[in-house]
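Each of the next two complexes has subunit A plus one more chain, namely subunit B in the first and subunit C in the second.
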Partner chain A sequence: MLTFLRRRIASSALPLVVVILGVFCLARLTGDPGNLYLPLSATPEMRAEFAARHGFDQPLFVQFGDYLTQVFRLDFGESLRTAEPAADAVLRAFPATLQLAGATMILAILGAVVVGSWAAYRPNSVADRVASFTSTTAASMPDFWFAIMGVLVFAVALGWLPTSGTEGAAAWVLPVLTLLIRPFGVLVQVVRGAMVTALSAPYIKVARSKGAGEVRVVFGHALRNAAPPALTVAGDLTVGLVNGAVVVETIFGWPGIGKLMITSILQRDFAVLQAAVLVTAITIFALNIVIDACYALLDSRVRQGVTT
Partner chain B sequence: MITTPRASATPRRRVATALLALAAMLSAGACSVANSGPEASSGAANTVRVVLPEEPPTLEPCDASLTATGRVTRANITEALTERDPGTGQLQPALATKWNQDSPTEWTFTLREGVKFHDDTAFDAKAAAFSIDRTVGSKIDCNVDGYVFGGIELTATVVDASTLKVKTAKPDPILPLRLSFVEIVPTTTSTTGKVREPVGTGPYKIAKWDTGRSLRLDRFAGYWGKAPDFAAAEYVWRAEGSIRAAMIKSDEADVAVGLAAEDGVGDAAVQFPNNETSYLRIDATKPPLDDIRVRQAINSAIDRDGLVASVFAGLGKPAGQLVPEGVTGHSSAIQPWPYDMAQAKKLIAEAKADGVPTDTTIKIIGRNGIYPKAAEAMEVVQNSLIEAGLSVKIEMLDVNAWLEYLLAPFPKNLGPTLLQAQHGNQAGDAAFTMGQIYGSKGAQSSYGTAELDDLIGDAEQASGEERQTAFAKALEYQNKDVVRDAVIAHMTGILGLSKKVTYKPNAATNDEMRLADLHPAG
Partner chain C sequence: MSERNDTEPGRPVLEVDRLAVDIRTPAGTVRAVREVSFSVRSGETLALLGESGCGKSMTAQAVVGLLDPVAHVAGGAVRLDGTDLLTLSPAQRRRLAGPGLSIVFQDALTALNPVQTVGAQLAEPFRIHQRLSRRAARKRAVELMERVGIPEPAARVRAYPHQFSGGMRQRLLIALAVALQPKVLLADEPTTALDVTVQAQIMELLRELRTEQQTALILITHDLAVVAEQADHVAVMYAGAIVETGRVADVFSRPHHPYTRGLIDSVPADVARGTILKSIPGSPPDLHSVPSGCAFRARCPIARDVCAEQRPVLVEAGPKRLSACHHWRELSHD
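Then we have the complex of A and B:
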């Protein structure tokens, strides 16, 4: 297992460097931040002073060298926009996104396991058709539309929930529902498909012939063997959420990393953008390793395949 | 293969334990988002709730000319020596009670006595001089420095506690107006970096800024002037206009800023002229745009009434100049170009007959979101210009990419362009429009003439009625003999206002929303 983890960490290092370098270079190709941070009537001298003060007058490789040196000292620089340390902005926003993504995926996975297993238990039954219809609809739902409609119905018309914000449990309902709906729909379909295959396998018949109860057969034997494909898809969906739920964060005023990154890109706030991408990339690589480890834990063939 | 219960127990327990731990962590945080305290109390008695399109980047007073900063900071947290009445355009006393021009380059300001900063220190000439020094010629990239002073050299000298002398290197007839942008801060304010939470003399002081979520201002008990009606103001920010509108309808906010017609705020909408004028900047250095007949044809081909009525949903007024009414230099002689497609076609045909390459493709450089329906407006313009006989393409850009085209030096090898732009004159004097936009060396100028430069230069040195006349003359010359622009419309903003609050928005509302002007309804 340790060999497996070592290999996964080593193979993640190079993509991480490529991501950092790519973001650094591409961000600087998108225009001079001085145009945004200085008034339109600023004199050329003011623009030159601004560039010199922030090191933008240096060659790109010098800027990158300075950046790497700072990163090794855990100094991500200062936000051009807010004049606060970039790390503070990122470390404030990232947990908010992690909480939202975590709550969403736990609910999506639990819901999908129950509904997907229920549908697979009796294929082509009414329950199966209802589950398939619901999951297909959910997977196709545009999140922007769902969010706005949710606000108009539940906040404006009915007054049951707040339109946006972060205060109190009620404020979580619409953002989580909006984020939940697509992963739930996709996962129900994946779980259903995997469970149909698993429930028709010979070992299920053996388990039943040994007198195992149906709950144990479905959730103990079949689900365990159907879990790897669902885990892979759930991991992929989680990575998407950790990367920033931009639409939801923007609509609901959720102070997360997706909104921070978009603002940093639009405002050419390089320090914050670089810090946000670095922290997100490390988290995503870590998350992928955790997912692979779970996969290996669930399937001994994966462990053996890697270690032999 | 069937896994035995024994073999599967360990990994399953591990996964279950991990899931339980994660669920516990999430449920612990289920009532609040990480790293945040409770949002300011919603709808608390005597608190006005304002929802903005964006969080202020900082509340730095020397960046108060930035809309996102200024609309919270200016006249609420900090104040200047003078202030401009957005209705009349007249300069009013603020922290200075009177001022006098001693010579073309020297001014004396008499300061208000008995004024205190929020930290209980006294406001005096030392603080005023310090604030001017900190802002003008700053080493901390003050936006006000570039926007208002643009390289002007001045020296502030303390005469006594309530008298300040300001000397300029060159005569500056509008120095008191420029100083209306210098927000006064105590001498303890940093001079090496910007401050996020400033101390000022305004009617409100910062109570709590929960970064990313909300900002609360409390009424300053030691304020020198009349106490504002609301004891506190609570700002939140939502980027999506329809959510800001929904917050008014669901009683989560009293004032919603920056709405568009399609946001659906309904009866709570209040329209106001937002001090912005939309226009197309014509790059008159390149053919076919270097021929004045083509530039005149572009102006004739644009149906301004139609654009305002259909694309802008009636929110705007067709315009013929960048300097609106109420700003010194406005010319009442300039009217919007009448829509005359036949005349446009005739001018293009004449130019073509004289060898002007009217079939050269002209590119409209647009900016997404510069105003509501920005892309649709450019499509209407494109259609009209094609009908008139020109070849036109559109390229819509984001702000920073667009700025590369707005500001000199412009990208090399650029063909003939029409730049979609919008200009707001916050300061109330045409000097803040003419030089930078129409001067041949202006930062935003793609074309100018020596004659126009002379007219602008003369106007900048004039004062009083002579200044008004001189700038109006320069604008009229531009409109008739240069035709560097196709001005489209003076734009109209929409504010959402709940029934609990009364407020009369004005031309300055977008840049400076005075909380003291908000009153409880009834």
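Then we have the complex of A and C:
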């Protein structure tokens, strides 16, 4: 298991550097920060002085080299906008996003397991059809539209929920629902499909022949066999939540990393943007490793590298 | 063991009475098992013999209550020690699944759960029915593995099904089925997926366990050699119905149904190289359109007009023998 983890971590290092390089170059295509931070009347000397102070006068590869060395010393540079260390800004925003994404995925997975298993238990029953219809609708719902409609109906018209912010449980309802709806819909369909296959497997009959009750059959025997495909998709959807977070955090004024990224792109705040992307990328790589580890825990054949 | 002595000698432990099973298909409901009756006593082996699709597995699954969702019992009774299982609630049936009736399935490769250790799977009957602790149930699992001849059971109890050979997996399935010493054990083609030497070992194991536990064994097979070696009685099935029953020695030496005779004649014995092997012409009828009268008549060498008009029923054709052929007497004089 340890070798397994070490190998996975080592193989993630190079893609990580590529991501950093990509963001580094693309961020600089947005234009000269001097145009934003200096007055319109700034003289060429002032602009040159600003660029020199922040290292923007160096060739791109020198800037990148300097940046990488700094990153290895855990120095992510300073925000152009607030002059605070970029790492501070990112670490302040990141927990808000993690909480939102975590709450969303836990609810989506729990809900999908219950609804998907229920639908798969009797294929083509009324319950199954209702679940299929609901999940297809949920999976095809545009999240920004849902978010805006949610605000209009529940916050503006009915006044039950706040329009934005993080204060109190009520503030969580709309952001979580908005992020949840698509992953939930997709996961219900994946869980249902995998459970239909698992429940028709011969070992299910064998379990019943031992006198196992239906709860034991469905959750003890079938679900664990149905878990790998659901896990793959859940991992993918969690990565997608970061994208979703940009939209949701902007609409609901959620002080997370998505909102921070948008702000730092608009402000050409390269250091903060780079730090935010770096932290997000590391999280996604870590998530993939966790998912692989979960496979191995679920199925000994993965652990031992058996190919059947 | 003490329970078993309460059963009067001679009284069947399992009686299947005019069992009927229907299957829903896109083309309509068909009767896959019709009026099947048989009984078996403790310590005895009954073979259900027939080609694929004749309804023998369906009969077994109906008896243990594990039919696929498309199939359901349409009539009849399955009495275990006099209690009709078909009238019990699902919870009551579950309590009998293991200690009352048990089944060994044919495909050992897929019948074990791939993500659980074999120890956990073997311990499950004890956990469910005897509410044993994990540790105690695991100990029983090791004992079971030892009993069915798995080498180093204490070490292999933590192994997964894919780490066992086909023969060993079949042994595990048998261990699972006999864990709670069932009164009736059904074995559905237990050796079909295995190679010949392993087949013999598995049959030997089943025989030992039957004797040890005084189990009534119902062997579902298409293999006449297995029937001849293992069974006391045989019931031959064709197109969802029993066509002949009797003691194995009687039926095999003097079949009273042309289908049974066809099966026996199809076994190649002392055939010179180059001779065409005997077989029964034609194929079994489609269940959607079983012909009138006798279902076998289209393939039968001795069929006459009466066979198309009247459906033959099982009639007594000698001591402890039944035949569903209008002309069984002709066959018995051959």
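Throughout what follows, the second predicted complex is superposed on the first by the 302 of 308 C-alpha atoms of A that agree within 3 Å, B and C clash if a C-alpha of one lies under 4 Å from a C-alpha of the other, contacts with A are read in each partner's own complex, and residues count from 1 in each chain.
Just so we're on the same page, a contact is a pair of C-beta atoms (placed from the backbone, for glycine too) under 8 Å apart; a residue touches a chain by one contact, two chains touch by 3 or more.
Please read all numbers here as calculations on a predicted model, not as lab measurements.
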{"item": "Touching partner for A:P162 - first (subunit B), second (subunit C), both, neither", "value": "first"}
{"item": "Touched partner set for A:L266, first subunit B, second subunit C, both or neither", "value": "first"}
{"item": "Partner contacting more residues of subunit A (subunit B vs subunit C)", "value": "B"}
{"item": "Contacts of A:R73 with subunit B and subunit C, given as first, second, both or neither", "value": "neither"}
{"item": "First (subunit B), second (subunit C), both or neither touched by A:L40", "value": "first"}
{"item": "Partner chain in contact with A:G211 - subunit B first, subunit C second, else both or neither", "value": "second"}
{"item": "Shared subunit A surface residues [contacts with subunit B and with subunit C]", "value": "203, 206-207, 221, 224, 298"}
{"item": "Subunit A - residues contacting subunit B, complex", "value": "30-33, 35-43, 45-46, 49-50, 53, 81-84, 91-93, 95-96, 98-99, 102-103, 106, 148, 151-152, 155-156, 159, 162-169, 172, 203, 206-207, 220-221, 224, 250-255, 259, 266, 268, 294, 297-298"}
{"item": "Partner subunit A, residues of subunit B touching it in the complex", "value": "1-3, 5, 8, 11-12, 14-15, 19, 22-23, 25-26, 29-36, 38-39, 42, 57-58, 60, 65, 139, 141, 143, 145-147, 150-151, 193-194, 196, 211-213, 236-240, 242-243, 246-247, 249-250, 252, 398-401, 403-404, 406-407, 432, 435-436, 443-444"}
{"item": "Sites on subunit A touched by subunit C in the complex", "value": "122, 201-203, 205-213, 216, 221, 224-225, 298-301, 306, 308"}
{"item": "For the subunit C and subunit A complex, residues of the former touching the latter", "value": "64, 66, 69, 94-98, 102-103, 105, 107, 110-116, 124-125, 128-129, 160, 162, 173, 176-177, 179"}
